[in-house]
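The letters A, B and C name the chains in turn, as written, and every chain counts its residues from 1.
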Amino acid sequence: MVEGIHSPAQVSDWLGLGRILFLVIHLVGLAFLSYIVYRRLIPLLRGERDIRFDRPLTRVARVFQYWLAQWKHPRYRSAGILHILIFAGFITLAIRSFALVIFGLSDGFAFPGRVGHLYDMATDWAATVVFVCMIVAIIRRLYWKPARYAVPERYGKDHTADAVFLLGLIAMLMLCDIVFAASNAAAHAQQGGAVEPLAALSLPWLLNRALAATPVPALLNVRLGICIVHELTFYFLLCYRPFGIQFHVITSLFNVYFAKLDRGTVKPVRWGEANLDELESFGVKRFEDFTWKHMLDFYSCADCGRCSDNCPANAAGRPLSPRFLSIKARDYSFQHYPVFGRTSARQEALIGSIYSEDEIWSCTTCGACEEECPLLIEYIDKIVDLRRGQVDDGKVPQSIQRPLKALETRGNPYGKLEKKRADWTLDKEFRLSCKVRILDDKRSADTLYFVDSITSYDDRIQAIGRATARILDHIGENFGIMGALEKDSGHDVRRFGEEMLFVELSSHNVQAIKACGASRIVTADPHAYNALKNDYKDVPPVEHIAQVIAREMDDGNISFNPVRNANAVYTYHDPCYLGRHNKLYDDPRRVLDAIPGLRRVEMDRCRDRSFCCGGGGLMLFYEPKEDQRMGVKRVQMAADAGANVIVTACPFCMVNMEDAIKVAGMEGKMTAIDLAELVDEQIVRRVPTDTRDAMAEETVNV
Amino acid sequence: MEILVCVKRVPDTSENEITLNRAGNDIERDDLVYSVNEWDNYAVEEALQIVERLGGNVTVATVGGEDDEEILRREMAMGAKGSALISDEAFEGSDSAGIATLLKAFVQKNRFDLILTGVQAEDGAAQVGGMLAAMLDYPFASLVSSIEVLNEKKLRVTREIEGGNKELNETDLPCVLSIQTGINEPRYVGMRGIRQVASIVIPTLGASELGIDKNSVGKIAAKVQRTDYFVPVLGKGAEMLGGSREKVIDKVIELVKAKGGLK
Amino acid sequence: MTARIFAYVAHVNGVPDDAASELLAGAKRIDAAATPTAIVTGTGEELDAACRALQDSYAEIWKISNESLAYPNAELVRKALVAVLPPGSIVLLSHSHFGVDLGPGLSVKLGAASVSDVVDIQGIEGNILKVVRQEFGGQLSAHVRCDISTGAVINLRPGAFKPLQGASPAGGSVVDKSSAVGALSAGRRYLETVVAEAADVDISKEPVLVSIGRGMQEQENVAIAQELADAMGAVLSCSRPVVDAKWLPKSRQVGSSGQTVRPKVYMACGISGSFQHLAGIKGNPFMIAINKNPKAPIFQVADIGIVDDVLEFLPELTTKIRETVK
C-alpha cells in the first residue's frame, strides 16, 4: 500500500490495542469456524462408507468443469448468469479477504507491483458486481418470486426471509469492501500520496469521488471502523455458513469432487461388502445409514429448487419434491447433531418421521433432478437406499407385492408362464416374414436380442418385438432370443429396492447369456439396455436398436421409403434410460430425419430435459397419489409443439403415451409409435435371399 | 401371547392356469407355482401384528410333506418364530376332519392362547377351523375381519356378515378364529428374508410324535373324498358375441335398451 | 333311506331366508321321496311367524325357542341342535356366513361327516352321498363322495339349488322342541351388529348396475366404468377385490359379504364370477359379462358374454351409447 498512511494495524490511538484486537477477531473467528465444522463432520464420521477417492484426475477435471466453470448454471439463464457473476466475484474477493486478514496483522503486506495493481482493480469490480447482484437477487426474491423457490405448505415456512437475510449480509460485506477501498483511497489522495487508481466506474471509484472532500481524520476513522465491521461481518458470515443453505459455499468444492462418476447404475447395498447375506440390515432406515457423501449432499443443497422444478413426479402432483428430500434431511441432521448442544441422534426411522412412504415410492428414477443440480447432488441412490430399507422391513405397497412375487416365481411381473415368453414370435403373419431362433447352450448366435418381459408378454408391445426382429433380420444379423431362458432384466426390481431378487434375476441371466454364446446384445428396451450396460457385469457389449439402425443407415444397409403419412408431424420423446442416463439423443433423431418427407419438431423439454412418461417396470403397477398422470402432461407437450405423432424408443413410454392419449381424450388427434415400428414400416425391403432362408431355423417352443 | 396359525400350500390361482390333466383325475401340476394360501397369509400378518403389540410368539404349522416346508419358511421370513410340519405317510388323503384331528393333536402337545386359520383355501371348504375348535372345545368365530385383545382372557372379534354389516362378538381365550382377506395389509417378504431362513430346521411331527391313532386320520378315516376333477358342461351359459368390436357394441346397446337398461 | 333330513332355516324379523326353498330342493335331490324337517331357532313372536311361513313348504317344523337364541349365535345354536337331532341325521345348511360358522363344528359334535359349498347333489349309493363341488375359484368342478353312515352336515351353495316349482302346500305341523334344550351358554357371546354406514348410493335398490372387478387393473380405470354408468344412467358397483384394494367403498360391493342386489340389468366388467360375488345377485337380471379370459366362470351365468379387454371395450361402448342417446 502507500507509505505514510498507517495501516489499521499501526493505529493504536483508537483502541490502543489495534493489532491485538484484530488478532483476537481472527483467532476467535477461526476457532469458532473450526469447532463448527468439526461438529458438522460428526454425523459424516458416523455415516456409512462411500468409495469416492478413486480416479482423482477425472474428479479434478470435473471440479474445473462444474465448480469453477459453473457448467450447469446457465440452464436457468438469469439465475445462472447472476450466480456466475457472484461466484466469480467471490473467488476474486476471497483472495482479497484473506489479504485483509493478513493486512490487519502485519503492516506492509501487499501484493507486489503490477499484479497487485491489477488485482486491486479486479477486486473493486468484483465488489461492485457482487453488490449489484445482491440487490438484484433480493429484488428477485421479493418481487419477481420465481416459482421454484416457493415452499409448499407441508414443508414448513417460506425461505424468503432467510434468503434475503443472507443476501443482505453479503451485500453488507461488499459494502464494507467498497467503503474501505474508497475511504482508503480518498485518505491517501488528500495526504498527497501516490494513489492507486480505483477501477473506473466501480462503486469504490464512485464513492471515492463522493468522499473527496471529507476530512482525513474522518476518513481514517471510517476506514478503521469499516475494517472492523468488515472483519466481524466476514467472520460472522463465515461461521454462519454451516447453518443453512449458505453452507454450499464451503462444501460445493468437495461435493463436486466426490460426486458420482458412474452414470446409470445404482450404488451397491454397502460399498466394499460383496457378501450381502452377512449384512444385518439393508438400506437406509435411520439417518446414520446414509453414506458420508450423501450427508455431504444434504449440507450442500443450495435450495435453488431446480431439481423439483424439473421433477416430473412433482409436476404431476405426487408427494415428491427432491429439493425437500435434501432440505428435510439437512434440517434433521442440524437438529440431531447440533453445533451447540448435545447430539441427540435418536436412531428413529426416517420414513414415518421426515419422509413419507408415498414420497419415496413416487420416484420414477428418471434422473431429471440429478441432471439439473449445479452441485451434482445425487438423488436416485438415496431413494433406492430408502426403498431397500422399506423392503427389508416388509413395507412394500400392496400393489407392487404381486408383481414382485410373480418376478420371483415366474421371472416376469405379470405372472405369466415362462414357457410362453417366446410366444410373441408365433404370430402367423410375422412367422412368414421372419424366423426367430431360440438360443440355448446348444444353439448359439452372434447377437442376442434381449427382449425383456413387457415386450415378451404385453399384447400391444409384442408388436415392437416383432418390428425389432424384422429389422435385425433385414440387416442380415445372425441373432436369436433366449425365450423361456430369459428372465426379467431386474432393472426396476433393483431400483425399487429388492436387491436380492435383482441379484437372482441377473445372475440367472448372466449365465443364460453366456450359454447362448452371443458376442453382442441388442435390445429395444432402454431399461434392459441400462441394466445390461451399467448394472450387469460380465456380459457382452449391448446396444439399443436405435444405435444399430443409425449405424446400418450410415453404412447404407438401411434406406427408407418416403414417409407414409406425409401430413403427420412427428416429435421424438427421449426415454429417460436411453437419453438422459445414457446420453443417446442423436441416433434416434438421425434415423427420423433420414426418412424422406418426415416432418419433425422438438418439444421444449427434450434431450436431457425430457419429461418422464410416468415410469417403467414396476412403476406401471404402483398406484401413486397424483393430480394428473405424467404421461398426460407429456402428450400435451407434444401437442403444444405442434406434433400429432409421438415417436418413442421405449416400450414403457409407449404404454404410458397410449394410455395418456386415451385419458386425455386425444384419440384421433395424437398417436404414438415406436421407433422400431416406424422404421419397420418405412424400410426399403430387399427380396429375401436363399442364404438367409438357409440360416433361419424353425422356431421351437421351449 | 402364543399364537398358532395353521397354513396351507396351494397353487397360486392368479399366476397359474388351472387345467385338467390328461388322466382327468387331477389338475395339471407340472407348471404350477405354489404359495401360501392367501387367507392364511392374512392370518399370519394379523398374528404378527398382535405379538408385535403385546409380546409373544407366532408359530406356523401345516399338514403335508417336504414340499410344504417352503411356505413355513416363507411365513418365518415374515416373522413367525416357531414352525411345525405335520407329516406322516399315514396322514395322506385326510379330509378336513382328518386335518383338524391332526392339528388338534399338535395343539394339545403345546400351549397356544389363540389359533388362527384362513377362512378357506383353494378348495373353498372352509371347514378346518370350525372343526378344530369343536374338537378342542374352544369357542370359534369365522369370517373375522377385526381382532381386539381385551385382556389375556378375552377378545372382541368382528365378523363380516351380509350387507356389509359387522357382527361384534366377545370370545374367551383360548379360541379359534378363521380370518377373512382384507383384515390388514400383509407385509412384503423379500428374497433376503427367505434366504435368511433357508437353513432353519423345521421340526417334523409324525404319528408317534403326536400320539395319533393312524386309523383316525388319512385316507382310511376320510369320510369325504374327491373322486375326480372335471370341467363342467357349460349347459346354457352365456351367448358369446363374436365379430368386430363395433358390431358387438351395437348388439349390446340393442339388447340393453330392450331390457330397459338405458335411461 | 332311513336317515332323517333336516334343514336349518335362518330368519330375520320372522321372515325365513330365501335359502329355505333351496334347502328343500337340495333335500329332494338327496332323496326325491324325502320329507325334510325344518328346524328354526329363536324366540317370541318372530320365531312363531317364521314357523308359520314355513308351513307351506315343509311337512314338519321343529321350533326351538330359547331366550339366548334371540340372535343366532352359531355356538349356541349348535348346542341346541345337538340336543334335539337324532343320531345319523342329515342336516342341510345354507353356505352363508352363518352356515360357515355353524356347519363344521356341528358335524364334529354330531360325529357326522361334513361337506360344504355343494353346488349339486347326485344322489345316494348305499351309505355314500354323491355331490358336486367347485375348486380354484370356480375354475374346476369335482365329484365328491361323502360317507353318511353316521350322518352328515351339508352346506349348500346359496343360489345353486333352484327352488322347486309347483309343489303343493305341505301343510306343515310345528313341533315345539324347546324343552329338550336347557340353558345355553358358550365361550362366544354376541354383542351387537354394526350396520354398514348409509352410503351415498344404495346399490341394492338400483335397477341398472355397472359392476367392476379386478380386471379393471388399476384404480385410475374405475373412471372408465363410471363414465359408462353415467352414460347408461346406471350406478357403479363392484366385487370384493375392488373393495379390498380400496378403489371403491364397501357400500358398492355386491356379494355374500357385501350387498344383495336385484337389478334388471347387470354389466359385469372384468369380473371373474366367483360364487361369493354371484351370491349377491338375485332376481335373475339380464347379465352382460365382459372379460378377457374366455374361461371365466362368469360366462356360465351371464346371458351375454364378450371376450375382450374391458379397458378398451368400455370407452367405445360409452361413446356409442352417448351418440345413440343424443
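Convention: a residue touches a chain if its C-beta (ideal position, glycine included) is under 8 Å from a C-beta of that chain, and two chains touch if they have at least 3 such contacts.
Bear in mind the structure is a predicted one, so any value in this text is a computation, not a measurement.
More inter-chain C-beta contacts link the pair A-B than the other of A-B and A-C.
Placing every chain at the mean of its C-alpha atoms, the farthest one from chain A is found to be C. Chain B and chain C have CA centres that are 21 Å apart.
Centre-to-centre, using mean CA coordinates, chain A is 48 Å away from chain B. Once the centre of each chain is set as its mean CA position, chain A and chain C turn out to be 58 Å apart.
With touch defined as above, residues shared between interfaces to two or more other chains in chain A number as follows: 398.
Residues of chain B in contact with at least two other chains: none. Residues 398-399, 623, 629, 662-663 of chain A are the ones touching chain C in the complex. Partner chain A is touched in their complex by these residues of chain B: 12, 14-15, 17, 31, 33, 35, 78-79, 185-193, 195-196.
Of all residues in chain C, those touching chain B in their complex are 73-75, 78, 96-98, 100-109, 113-117, 133-137, 139-147, 150, 186-196, 207-208, 232-234, 240, 243-244, 250-251, 253, 256-260, 264-265, 267, 286-289, 294, 298-308, 312-313, 316-317, 320-321, 324-325. Residues of chain A touching chain B in their complex: 276-277, 282, 391-396, 398, 401-402, 404-406, 408-410, 415-419, 498-501, 503-504. Across the complex, chain C is touched by residues 11, 13, 18, 20, 27, 96-97, 100, 119, 122-131, 133-135, 138-143, 156-172, 175, 178, 180-182, 223-232, 234-235, 237-241, 245-246, 248-250, 252-253, 255-256, 259-263 of chain B.
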